[in-house]
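What follows is subunit A paired twice: with subunit B in the first complex and subunit C in the second.
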Partner chain A sequence: MKSGLKRSNAPIFWSLFGAGGMLSALFGPVLVFITGIAVPLGLLLPAGTMSYPKMLAFAQNFIGKGFIFAVIALFLWFAAHRIYHSLHEIGIHPGLLAKLLCYGSAFAATLISAYVLLGLGF
Partner chain B sequence: MSKRRPYVRSMDGWWKKNPFFVEYMIHESTALFVAAYAFVLLVGLIRLGQGEAAWNGWLEAMKSPLSLVFHLAFLVAIAYHTYSWFVIMPKTLPPIIVGGKRVGPAAITGGGLLAAVVASIAMLALVWRIAL
Partner chain C sequence: MSDTKKIIEIEVLRYQPESDTEPHLEVYKVPFSDDMSVLQGVQYIKDNFDGSLTFRWSCRMAICGSCGMMINGIPKLSCETFLRDYYPNRVRVEAMAHFPIEKDLVVDLSGFIGKLESIQPYIIPREARSLEQGEYIQSPEQFNAYIQFTSCINCTLCYAACPQFGLNPDFIGPAAIALLHRYNMDSRDGAAEQRMELVASEEGVFNCSAVGYCSEVCPKHVDPANAVNINKTNAAKDYFLRFLSPKGGSK
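Now for the complex of A and B:
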């Protein structure tokens, strides 16, 4: 007998939201500070912290690769889920288009970052 | 067609009337900043994949005053996300029982914020070590 209940896909998106929310809560501010403020202004960190050889080595390292992938993909899955569910509050009734724009961009970014990271080699 | 035009109360700015909802809208909107920052990183990753010249171009772009202003805004917004994430966490977690007693909301929020501080210091130390 087939069950009449359709399994919900909500737990998948909620898990991605939770993981991305946690990762961005723990590391978001310090990452913005490092990549967007300290390195561009030459503050605090050694010169050449994000030089090409260093970043390439980081992106080729197994852990570094995983970290970059997790940050980009999970930050976007978190944001997509939160933005999608907030549209209602500003009077936009979310439909298929909103869903495609929110989750679709997170999905595209996930694929692109995986493709680039794999292309950089190990 | 019916000529009736029933009164429908406008929902514009509904959240501005209650400080609780104002805070809600602020913490929800931090997601826009998280997304914007993730896209900046994605562009950086793509430029890294295109070689040294492209990567150096991205590094140079990160030095522009506009980029710095944006990153200051990201920093404030995402730091607020950190704070609100751990303030909300006691309501989203299943009850945690330690020694027969339920861990209170202040302990969960405090523990989360402490974890974020430790994670930030550890990240800075790790980057410093790799960079030297």
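Now for the complex of A and C:
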């Protein structure tokens, strides 16, 4: 066995990436359809599906809050990891700054969405 | 047989360390028949045009793993790749990507050999076993868990295919991880925890970004990408659960 091996911290980012990837694969397309197409164009769904009172109630519900938080935070961790590694693959070898920008923005957005969601009350 | 020989242009990446400062391409016009492989094409060049052309080969039947080359930019065994599939176009033959070139089509595999050694590619028994205890009994199910990963012939085409190995030569890489997985999955072996130190290290599985090209070019259908991905999950479990394990996991 080789000596002087350093344990990689990748599992933290890789797990968040994996969870976000799974979630975006499952919910991403349908969320784009509902929020970007069906609701604005008034297709299929009843009027006022995403009205303010309804969305507020959704965000105040314990499960709804969790869902919104997971969708925002994990999607961003997924994107951050993908962008970071894609930079490496196209020959831009990302240093500490790129790491901070990619994962830092996901981390900041996680904190902000948690703060806002908790601020909406239950 | 209508065997008027056709002529194909073979472009070969040449590098003679004694005289060349960098590799360059040379074109040869090679007469060929439909049953001739790319390997036979370069052998024809060596026999008839330039005896100094250097390349590795042995079995001519895709089992020794010696004759890997980049053929029109794709890592392939030259013995099972046929000139007829490229004719009438020119075919380009180069040394395997991502490895230092020693001479012409021969690359330096010492880094790979070191990696093979580092994974402890042998059965390390769970517990010492005496002769009286008899042979190990293995069920077909236990056998099936690892047999696929024993098919590797160390041709290193997967390394020539792996963009991450190209970017970081310290990455243990597809074939070595597939072989590591082969021993981890063997019911007679008990050293998965020892090997985890390497799997979970900065040289380990997390260099992989799941491109999957390694499995695509593998001539033996070992599917190293699968072995790497299973071990990402294993390494992530080890990372988070090591504090719960009685031995504390690997370091």
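In this section, the second predicted complex is superposed on the first by the 115 of 122 C-alpha atoms of A that agree within 3 Å, B and C clash if a C-alpha of one lies under 4 Å from a C-alpha of the other, contacts with A are read in each partner's own complex, and residues count from 1 in each chain.
In this section, a contact is a pair of C-beta atoms (placed from the backbone, for glycine too) under 8 Å apart; a residue touches a chain by one contact, two chains touch by 3 or more.
A quick note: this is a predicted structure, and the numbers were derived from the prediction, not measured.
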Have a look at where A:Met50 lands relative to subunit B and subunit C in the superposition and call it first, second, both or neither. first
After the superposition on A, what does A:Ala10 contact: first (subunit B), second (subunit C), both or neither? second
Between subunit B and subunit C, which one contacts more residues of subunit A in the superposed model? B
Applying the touch criterion given at the start, work out whether A:Lys99 contacts subunit B, subunit C, both or neither, answering first, second, both or neither. neither
Touching A:Glu89 in the superposition: subunit B (first), subunit C (second), both, neither? both
What is the contact status of A:Phe78 with respect to subunit B (first) and subunit C (second): first, second, both, or neither? first
When the two structures are overlaid on chain A, which partner does A:Val39 contact: first (subunit B), second (subunit C), both, or neither? first
Report, in rising order, the residues of subunit A that make contact with subunit B in one complex and with subunit C in the other. 89
Complex interface listing, subunit A residues touching subunit B: 20-22, 24-37, 39-41, 44-46, 48-50, 52, 54-56, 58-59, 68, 71-72, 75-76, 78-80, 82-83, 86, 89, 91, 109, 112-113, 116-117, 119-120
Contact residues on subunit C for subunit A in the complex? 118, 120, 163, 167, 194-195, 197-198, 200-204, 206, 209, 232, 235-236, 239-240, 250-251
Which subunit A residues qualify as touching subunit C in the complex? 1-2, 5-8, 10-12, 14-15, 85, 88-89, 93
Please name which positions on subunit B make contact with subunit A in the complex. 11-12, 14-15, 25, 28-29, 31-32, 34-35, 37-42, 44-46, 48-49, 52, 55-56, 59, 62-63, 67-68, 70-72, 74-75, 78-79, 81-82, 85-86, 112, 115-116, 119-120, 123-124, 127-128, 130-132
